[in-house]
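Worksheet: the structure to be examined is printed underneath.
Per-chain residue numbering starts at 1, and chain names A, B, C and D are given in the order in which the chains are listed.
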Amino acid sequence: MTMARIRRTDGTDGVLPGRFDPADTDKWRTALTCIEPNKILVRGYPLDEIMGRLTFGETIYLLLMGEVPSPSIGSLMEAILVSFIDHGATPPSTLAARNTATTGAPLRACVAAGVLGFGRFHGGDIESCMQFLDAGLELVRGGVTYKDAAFTLLQKYFDSEEPIPGFGHRFHTRDPRAARLFQIALELEVEGGHIQMIRAVELTINELPDGRHLPVNIDGAIAAVCGDIGIPPAVANALFIISRVPGITAQALEERNRERPMRQIDPKDHLYDGAGQRRVPDKRR
Amino acid sequence: MTMARIRRTDGTDGVLPGRFDPADTDKWRTALTCIEPNKILVRGYPLDEIMGRLTFGETIYLLLMGEVPSPSIGSLMEAILVSFIDHGATPPSTLAARNTATTGAPLRACVAAGVLGFGRFHGGDIESCMQFLDAGLELVRGGVTYKDAAFTLLQKYFDSEEPIPGFGHRFHTRDPRAARLFQIALELEVEGGHIQMIRAVELTINELPDGRHLPVNIDGAIAAVCGDIGIPPAVANALFIISRVPGITAQALEERNRERPMRQIDPKDHLYDGAGQRRVPDKRR
Amino acid sequence: MTMARIRRTDGTDGVLPGRFDPADTDKWRTALTCIEPNKILVRGYPLDEIMGRLTFGETIYLLLMGEVPSPSIGSLMEAILVSFIDHGATPPSTLAARNTATTGAPLRACVAAGVLGFGRFHGGDIESCMQFLDAGLELVRGGVTYKDAAFTLLQKYFDSEEPIPGFGHRFHTRDPRAARLFQIALELEVEGGHIQMIRAVELTINELPDGRHLPVNIDGAIAAVCGDIGIPPAVANALFIISRVPGITAQALEERNRERPMRQIDPKDHLYDGAGQRRVPDKRR
Amino acid sequence: MTMARIRRTDGTDGVLPGRFDPADTDKWRTALTCIEPNKILVRGYPLDEIMGRLTFGETIYLLLMGEVPSPSIGSLMEAILVSFIDHGATPPSTLAARNTATTGAPLRACVAAGVLGFGRFHGGDIESCMQFLDAGLELVRGGVTYKDAAFTLLQKYFDSEEPIPGFGHRFHTRDPRAARLFQIALELEVEGGHIQMIRAVELTINELPDGRHLPVNIDGAIAAVCGDIGIPPAVANALFIISRVPGITAQALEERNRERPMRQIDPKDHLYDGAGQRRVPDKRR
């Protein structure tokens, strides 16, 4: 019996102070961006060459995943990032940003407050949905049909208060973003097992005698698509944060521009007075 | 003489408690995103129609400015957003994010800590450079040449400790991102007075007998380009925050994945061990 | 004419990369807390000796000001820190914390979001009020009476939208905390010029023909008291942040314990259901 | 089989939009602070009466726990809050705050960045240590001796990489704050089962043949003391955040006052140049 493997409670390991720790004399390493005088390489590519050649969405993929995405995966990245960009004035993260803005705080403080509100119940669903789908796919690999795997996955939610990861929405009975993301994945031919699995789960829920429809939400759709294109859960979670920052920023700017300082913000008590519904121009490139 | 216009120190106006304030009974308004059951309109466009038709960069422009950008301005947006995406492991904002990551904090806390580090001396230069250039353009509109306006603008910096907004860089003697952004603006034919003005200032600095070159930095280039395409300073500032979030996110993820918890992060003591220099594939769309 | 004094826009000075900068080889310094193995000295005092001998409030003063406070100033510190500890559920900083809590974010994220809401219009008044009072005291030192100095100070606010720093409150027509803080300062015999000055301003406002009472608020009272006991504006501002953190923490904890996740928080739509009014026990030590 | 209990993934329950939800029409409630015009009641006590009668530490207890602490528990609160107030310039949370300060960000942004660094490995130990001790106390209540309970608790850490909650420190082989906190608890006669339990664990570790001493750290001491005076884990965790905020604030202020902007902060490369070691004056009240 030895205590040699005991690690300190702060996560560092148990070398006593004063002892020589060779790890400390080594340089630490980064593989993201190389900075030299007058040169910036992002994952090996000169940043000034990336400018004008890759879109922001493609460069985000490059930075997070290490390689330039294929055209299909690049298009899917844009769609994923766009899908989450804003959801109006009522999400708690947006309200945290607006409540910060009304105190006269600088824009970056408002954005930070908003980002902190991507908590367990808000955006945190992508990672748990990926695990949920992976559990189903393991059953499928073991010889079970998607349908049966879905029924098995749902089993433990029948008499539980637990939400089904990736299903249901506060406002929407059918999430238009999820449907569109699946359609784009189909068109780009990147659909794989995760999308099949989540569809099997949705079908199974909707066939239950209870008769209630519980739609795939955008978290679920992103989880399934990310699973199929090989984006790991931690990166999928990062995409969620990145995609919503523009929305939070726009909401904080609007709060500063349109409202009086130190107001009491009732989320339910607002009206939309922006542009009426219009058609998106055709793709230009 | 009356005190009627005295406003309370919290910025609200001086109506005493208990008095009827009609403004409070009105609903407050937002023009960004309209949420109805199963429908999300961003600036009037159904979000599911935007997906697959506009890029993330174009949708950011739409959200912040209210309209879909022209193809040229859309391309410029992508270049601006890409130009700032990351600058290695040493910016203080990145170090704030890495120091937060090493404590085991969740990703969103690391991102928020990083965003808070976009302080006065870091990214705050875009807005002051836009004002600097606007002051020069007013002289030009009054009949002065760009060259003379530049010399007048620089006057007050000759014997001052003040930095010239948009010029100079900690690492680079020539900022490759700035040069590339000007080139793209030229190719897209969106170059205007702000770019001319900042170039006149650069030329004037470099002709000074002191012989030292002080290059336009990326803050200055973004300020000039945003000025020429009609993006107001507050929105240009927002673009800076949005563009660097992916970099901060990637750095925090790398800290979590590669380093031991609770380490002491010396910014100078690191090595780049990522991909070697390589060429960006040609534009694919 | 030389450019030698030009500083880079990031605030560092203009030594070109590659040049030797002796400042970089020096160690940086801190005068706050000395850490050696098994020893922690806060401003020179062993932390384990401080424990049990100084209160938290006295130790805060020690840490920020460098010396153990006198008993009178220690008591005043406690009163200042207590005065700001909470102001119910409606301040925007508190709402930012509650909106973050409702997303399931960890407690520290809620506290950070709340702290970010101490913006220009909320708590930022202490520093500007100290400058306002200092301007008046300079007039007094020049031979003017407090009354006349007050009238001169108020001059520029008569026809302006600007709030008078340290006066007026959203809810209260008489701020009970301000009155009590002045009383304690009087009892402890630490009253000085700043308190005299703010009282002269209050009197002058209340004698105006307009007939409206605009009370000193707690920001103003803290500004005056801090001025009289030699606490500089930046430290007074720090005291505000420190004093409100327990309130924000308690509000975030209550949100997590009592409310359902992802709720829409209307600040006006709440009731107090806690302990009824009761008397504070006599001082016990 | 029914889906009636399925909850939405955002944590709200599954009532479809458009249905009447009586909970929404009710007012929400708070038991912390009652605000009426010219009256502020904290847990029922007028805030202006608390001022001058309770210390900041006692008022923090009142706010979090609902009642004025007994004199003994009040003294212990002060000691707990003091014990954590600062730990020099090298904790990652402090470095996050200093890295934010060097960018020119406002004080509140620096404090928020610091608070975000109270992550899993830094301060997060209090809660897990309380659970660890509670597990031991349950064995004791079942008839086992403290010694045997300690040995059972330690069992699973012998061949594991897991740190023992509340034990070990990066710098100290004996944590002076922990020893002092136990001494104060003893003097105030509030020592109970949790302190006995943690001492039994410490003794057991130190008697192991390996011969290495792994001391109780301050997280462990606070966990044990809070357990014995009935403070629940979530509130103990809140105390940690509250107690370190003054330290982070002081460090950020010092960074702004003493150092040049945008510097590269190497945590290892600093010197203490403050007051030499001195004796704390005797208790003054």
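Going forward, a residue touches a chain if its C-beta (ideal position, glycine included) is under 8 Å from a C-beta of that chain, and two chains touch if they have at least 3 such contacts.
This is a predicted model, so every value here is computed, not measured.
*Asks:* From the centre of chain A, which chain's CA centre is farthest?
*Replies:* Farthest by centroid: C.
*Asks:* Please work out which of A-B and A-D is bridged by more C-beta pairs in contact, and write that pair.
*Replies:* Between the chain pairs A-B and A-D, A-B carries more contacts.
*Asks:* How big is the gap, in whole Å, between where the Cα atoms of chain A centre and where those of chain C centre?
*Replies:* Centre separation, chain A to chain C: 38 Å.
*Asks:* Would you mind pulling out the distance in Å between where the CA atoms of chain A average out and where those of chain B do?
*Replies:* Averaging C-alpha atoms per chain gives centres 23 Å apart.
*Asks:* Can you give the whole-Å distance between the Cα centres of chain A and chain D?
*Replies:* Going by mean C-alpha positions, chain A sits 31 Å from chain D.
*Asks:* Show the residues in chain C shared as contacts by 2 or more other chains, in ascending order.
*Replies:* Residues 10-12, 17, 37, 90, 104-106, 108-109, 112-113, 116, 118-122, 170-173, 261-262, 265-266, 269.
*Asks:* Once bound in the complex, which stretches of chain C touch chain B?
*Replies:* Residue list for chain C touching chain B: 1-12, 14, 16-17, 105-106, 108-109, 112, 116, 120-122, 125, 129, 157-173, 205, 208-210, 212, 214, 217, 219-220.
*Asks:* Given the complex with chain B, which residues does chain D contribute to the contact?
*Replies:* That would be residues 17-18, 37, 90, 92-93, 95-96, 99-100, 102-106, 109-110, 112-113, 116-122, 124, 170, 261-262, 264-269 of chain D.
*Asks:* What residues on chain D touch chain C, complex-wise?
*Replies:* Of all residues in chain D, those touching chain C are 10-13, 23, 27-35, 37-57, 59-60, 63-64, 66, 68, 71, 74-75, 77-79, 81-83, 85-90, 104, 107-109, 111-113, 115-116, 118-119, 171-177, 179-181, 184, 187, 234-235, 237-238, 241-243, 245-247, 249-251, 253-254, 256-263, 265-266, 269-285.
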